[in-house]
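What follows is a set of structures for review.
Below are two complexes that have chain A in common, paired first with chain B and then with chain C.
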Partner chain A sequence: MERSGLSVELVGLSRYYKDVAALSSLDLKAEAGELVVLLGPSGCGKTTALRALAGLERLDEGTVSIGGRDVTGLAPSKRNIGMVFQSYSLFPNMTARANVEFGLRVRKMSSAQRAERSSEMLELVGLKAQADRFPHQLSGGQQQRVALARALAIKPEVLLLDEPLSALDAKVRSLLREEIRRIQLELGITTFFVTHDQEEALALADRIAVMNGGRLEQFGSPLEVYSHPATEFVAEFVGSVNRVQGVVGETGKVLVDELGVVEYHTAGNSGYSRGDAVEVLVRPEAIGLAQDPTGGCSIVGQSFLGASVKVKVATTRGSILTCELSPLEASQLDFGGAVSLYMKGPALLLSRRTGISSASAVEAQSAMS
Partner chain B sequence: MSTVLSPTSDQGTGGNGVVVASSGSSRRRPRRGRWHNSIGTVPFLVYLALFLGVPAISVIVTAFVNGSGHPTLSNFNEAVHGVYLQSFVASLKLSFGAAIISTVVGLLAALAVCSSSNRILRAIVTAGSGVFANTGGVPLAFSFVATVGNFGLITKLLSDAGFNPYNHGFSLYSVLGLTIVYQYFLIPLMILIMIPPIDALRKEWVDASSSLGATRTQFWRWVGIPLLLPPILAAFIVLFTDSFAAYATAEALTSGTIPLVPIQLGSLISGNVLAGQTNLGDALGAGMIFIVVVAGGLYIYVQRKASRWLR
Partner chain C sequence: MVAVTPTVGAKGVKDKGSDVLKLGKPFRFGIIGLVAVFFLVPILASARYSFLGNNNTFTISAYTELFGTNEFWSTLFLSVKIGLGTVFLTLALLIPTVIWVNLRLPHLRRVFEAISLLPLVVPSVVITLGVITSYKHLPNLIIGTPVILALEYVVLALPYSYRTFDSAVQSLDLKTLVEAGQSLGSGWGKLLRFVLLPNLRSGLFGAAVLTFAYCIGEFAVASLLSFTTFPVFLVQVGQTAASQAVALSLIALLFTWIPLAVIVIIFAQRRNRAAAIDAVDPLEAGVQV
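So, the complex of A and B:
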C-alpha cells in the first residue's frame, strides 16, 4: 500500500478558446506527496488546468512533467493518473465493484487479482458492503467514494479531483473531505484538488493555488494565502474583508478615519510613501469592539455563526464595517449602546486609491504628525 | 449536460444521468400506487381501450367465425396457406431486412450527427429527419419511380453508362425495391430515436475510461454499446413494426403485385373480392397482431436483459 508520490510540474500552460484564455501561462509545481488545491471562481480555468494535466485537454503552450518526465504529448491512457469528477462519472451499467475493476481489466489483471484489489479499495473507502450495487442504488456520497476507489485502484502516480464534493450536502461533504485527506496522506500520493469553496481549500491543502481569469494569483500555504494575500483578489476570495479609506503615514502605518492608526506589513506592500491615498483591506476578525459611550459607533446588525458572531457596525463616517467576534466577546457587549472600534492586528493589504485631492491628503498627513 | 459526442456542450451540473430515458425502461416506476396517483392516466386508458382494445378484440373474435356467424378455424387455415402464407413470408422478410439496414445506417448517422460540433448541421438533420420520417404513400412512391423506376432518371443515366440495373436482377417493384424505398422514412426515424440516448452518454465516462487506461474501443465495448443497446433494440422493434404495417407506399408502388399482408388485408376489406371474405381479413389482422405482440414481447425480454443495471 505504501508508496511515495512523484512531483508534478506545470510550466507556462496556455489554452485559448477562440479569444478567451482559459489558461494563460500557468506555472505550478507540486512536491512529491503534496496536496495542492486549485481554488478560484467558476470559469477561472481550474478544470482546464486539471484536464491538461490528465492529457484530456490539448494545450496551446506549455509542458507538463510528472516525476521529472515530460508527459506533454502523452495520451491520457498512458499517464497513469487517477481522476475523480464532480458527479455522474461512474459507469452506470457496472456495479461498484466492476467500476473499481475497470482500470484493472484494461491492464489485463487476472480476475482473482482484480477481486482482491477491488475489495481492498472498496474497504479503503468504507463501501465493502455495497460492492454489488449499481451506481443508481448508491447515494451521491457513496458514488464519489466508489469513484475515488476506482481512481486509486490503478495505483496512479498522481490523483486529480475536480470538485468531487460540490454536488454533496454539507455534512457528507466535510466528512468525505476529511476521508480524502486521510487516504491521500496514507498513500502519500501527489494530489490536485479543484474547488471554488475557500473553506474546503483551507481545510485540505498543503498549498493553495489561487486562480483568476486563467492566471495564478498566488501559490502558498493556507496560512500564507489567508494572512498575507498577494493581491486584492486573493484577499477578497479567501475570507472576507472590509475596505476603508486611508492615507499612508510613517513607515508601516496608515491613518484610517474609522480605525485610527493601522499597522501594515511593508514586505507585502512595498512602494507606498507618506501621503499616498490608499484603500486599506481589513479582516473582520482584526477589528475589535469596545463599549464606549463616547465612541459614536453603533451596532446595526449581527448574525450568530456558531463559533463566532458577525457584527455590523455603523461608523461615525457613515460607513458600515463588519467585525467578527468570539461568542464570549459578543456576550459582554451591550448591543444597544454606543461602541468604538480598535484594531487587534495589522491591516491585510493596501491598495492604491486614485482621484483623491492632494489637499485632503496633505491635511490628513499633517493631522498624523 | 455534458455528453460524449458533442465537443461544444458545456460541462456543468445538472443532468439526470438516465441513459436510456427514451426507451421506456421501468426505472423509478413506483411499484404500488394509490388509485389517485394513476387517475391522470384514465383518459389515456379509455382511449387505448376504445381505439386499440375494442378493434383488436373484435378482429380476433370475428377471425374465429365464418360468414354466417358459426365458429370455425377455416379462416386461419386459409390465412396460413397459399398466397396468404407467401404474403406473411414476404412481409416478414421485407420488414426484417428494412429494419436491420435502417437500424445500422441510422445509428451511424446519429453518431455522426451527435459527434459533430456543427450546430447548424444538427438542426438541419433533426428537422429534416422529422419531415422525411413522416413521408410515405404516393408522393414517396412517385419520387422513387421517377428516379430509380423502370424509366427513372437514375436508371436512364446508368443505362447510358452501360449498366441497366433492371438487366441485373434489380427491380424497384420487388421486396428488395421496397426495402430500399422504406429506408427513406426508416433511417430518419432511427436518427430521431437515437439522438437523445446518444446525447445522454456523458463526457465524464469517456474521460474516466481514458484516464483509467482504456482505449476508445474498450470504452465502446464495455460502456458505450451496453448503454446504447436497449434504445437500439427499442428502435429496431419500432422500425420493424413500422415497415410491417406500412401500406400506402407499397400499394402505390407495386399496386398489389407483391403479396404483402397489409395489401392482402386491404383488398379483402375493401370488398372487391367475394363477400364473406372479411372474416379471412380478420384472420390476417389477427396474424399481424400476433406478430407485433411477439415482437413486443421479445423486445421487453431482451430489454430487461440488456438493462438490468437500471433496476
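So, the complex of A and C:
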C-alpha cells in the first residue's frame, strides 16, 4: 500500500459569525503521515477548523496549505481531501460498492479500475461481503466503515474525520477506533480527527490539539497534554483533577494542607515565588490512600470502573478529594476506617489564588519550614 | 432468529386495545360507507346517464360521438401538451430553488413556503392578469400561445408542487450529502444526476403528477385567456349535448384519478419500504460492527 501523506499547515485561521469568533488565529502544523486529533468541548471551533481545511467553511482570515501548496481559495471538490462525517453520509440510493466507487466515477476511471479499487477498499475495512448492500441494510458501524472506504478510495492527500464514531455505541466505537488507527498507519495518510471524547483522543492521536473558544490551548503528544497541561482548561478537559489550596515553598514544592508537601514541575509553572497562595491541580491517580487510624480522613464514596476504582475522600479540612486506585489497592482498604492521603506523583499545575491574607501565608510558610 | 416473549401485563394491554378496536370498527366502516355513498352516487348516476339512449336504452353513442370529433382530440392533446410543458417548467424552477433554499437559506424556508401558497389566497383572475402584464413585453412566441398558459399554471400549481418537493428535500440530510459529494470531487451536475435527483425521485414524481393533474382540469384561466383546452371544450359541449358533457366529465375525472392513484401507489410503496427498513432484523442482515 502506498504512503500518501503530506504535511498540512493552518496559519492564522479566523472565522467569525457576527461578533462571535468560531476560530481565532488558529495556527497548526501536522507533519506528513501524522494523526492529529482536534479535541475540545462543543462550540470550541474544532469542526469549523476541520471544515475550513476541507474548504466547506469560508474563512475570514488565514491560509491552508497542503504539502506546501496554498489551497485556501480552492473549492472542496478540487482539494483531494477524503472526509468522513459525523452523521451517516452514504448515498442512500447506492450500494456500499457504488458509494465507494462514486469518487472514482467522478474522476472518470474505467469500470474495471473502479471495481478493483472499491474491492480493495472494502476489503481494507472488512466489508467485502457486504459490498452489494444498501446503506439501510448496514449497521451504523458498517456505514461509517463504508464511508471511510469511500473517503480513502480517491487516494486523498489528507483524511478528515469529523466525530465519525459519536453515533455508535461504546463497544463499536472502541473497535472502529482501533481499526481507523490501523488503516491510517497502514496508508500513512495525514489525518485530522475531531472529537470531544478525551479517551478517544488519547488513544488515537500522534498529537492532540486541545481547543477552547476558537483558540488553540495546547498542541502536543497525548502524554504531554495529559501529564503537562499548558493551561487549567487542558488539565480539566483532558482527564479529571482535584483542586486544593496551597502555598508555594522552596523551588518545586508547595504546601497543601490535605496532602503535605507536594512537588510540582517548575517548567510549566514559572513565575511563582515562595509564599504565593496558589490552587494546586492534582490528578486523582497521583493521590494515594493509606489505612491510618490517626489519618483523620474518611472514605465517603466509591465507584468501580473496571480497571480502576474511584474513591471520594472527605479530608480534615472539609474538602472532598477524588483518588483513583487500582482494584488491588482498593481491595486492601477498610472502607469504614480512617485513612490518610499521600502523593504518588507531582502536582499537575499551579494556579494563582487571590484574596489570601499574608498572615495565613506566613503561617503556612513557617509550618513548612 | 430472536423470539419475542410477551412480558407480564402485556396481555392486559392487548385486550384493552382490542376492545377499543372492536368498538371502533363498525363506526369506522359506517363513516367510510357514508363518504363512499356521498361520492359514488353522483358519479354512478352520471355514468348511468352517459350510457342512456332514447327510451332508456343502453348506448355508448355519447362516447363514440365524442371520440369521433376532432375537437375532442385536439383539446385533449393541447391540455396534455400544456400539462407536460408546465411540469417541465415547474421542475426546472423547483429543483434548483428548493435545493438552494434548504441548503443555503434555511432561515428563509418559511418565507418561500408562504410565497408558494399565495396562489391559494389570491384569486386566479388577479394572478392571470398579473402574469399577462408581467410578460406583455415578451416575444410572440410566448404571448398569445399556450406557453403563456403554461407559465400561468406554473404559478397556480405552486402550492401543490412546491410543498410536495420541499417535503421530499427535507426528508434527506441534504447538507451532508452535498458536502460528501463535494469532498469526493463532484461538481453540482454529477451531484444532481447521481445523488440528489435519484434520492428525490418520489418528491419529483409527486410534484409532477399533481401539477399535471391541475393543468388537465383547469378551466377558469384557460377560458379567460381564450384557449380551448379540454375542460373548456367540456363546458362548450355541455351547452349543446348533455349526455356527451357527462361522458366528458367522467373522462376528465379519470384523467385526474389516474395520476392521483399513481401518487398513492408510489407513496404506499415508499411507506412499505421504510417499514421494511425499520423492520430489518439485524441478525438476518448480518449486521455486525
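In this text, the second predicted complex is superposed on the first by the 368 of 369 C-alpha atoms of A that agree within 3 Å, B and C clash if a C-alpha of one lies under 4 Å from a C-alpha of the other, contacts with A are read in each partner's own complex, and residues count from 1 in each chain.
We take it that contacts are C-beta pairs under 8 Å (C-beta built on N, C-alpha and C of every residue); 3 or more make two chains touch, one makes a residue touch a chain.
On a predicted model such as this, the values are computed, not experimentally measured, just so you know.
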Between chain B and chain C, positioned on chain A by superposition, is the outcome a clash or a fit?
-> clash
Have a look at where A:Phe85 lands relative to chain B and chain C in the superposition and call it first, second, both or neither.
-> both
Could you say whether A:Pro229 touches chain B, chain C, both of them, or neither, answering first, second, both or neither?
-> neither
Considering only touches as defined above, state whether A:Phe102 meets chain B (first), chain C (second), both or neither.
-> both
Examine A:Ala167 and indicate which partner it touches, taking first as chain B and second as chain C; both and neither are also allowed.
-> first
Counting only touches as set out at the top, which of chain B and chain C does A:Gln130 meet: first, second, both, neither?
-> second
For A:Thr47, select first, second, both or neither according to whether it touches chain B, chain C, the two together, or no partner.
-> first
Would you sort A:Leu138 into first (chain B), second (chain C), both or neither based on which partner it touches?
-> second
Which of chain B and chain C A:Gly5 touches, first, second, both or neither | neither
The shared contact residues of chain A with chain B and chain C are 54, 56, 75-78, 80-83, 85, 87-94, 102-103, 105-107, 136, 147, 150-151, 154, 160
Of all residues in chain A, which touch chain B in the complex?
-> 47, 51, 54, 56, 75-83, 85-95, 102-103, 105-107, 134-136, 147, 150-151, 154, 160, 166-167
Across the complex, what residues on chain A touch chain C?
-> 54-56, 75-78, 80-83, 85, 87-94, 102-103, 105-107, 129-130, 133, 136-139, 141-142, 145, 147, 150-151, 154, 160, 171-172, 175-176
Chain A contact footprint on chain C (complex, rising order) = 172-173, 176-177, 179-187, 190, 194-195, 198-199, 277, 280, 282, 285-289
Chain A partner, complex, touching residues on chain B are 11, 13, 15, 17, 19, 27, 202, 204-205, 207-215, 218, 222-223, 226-227, 309-310
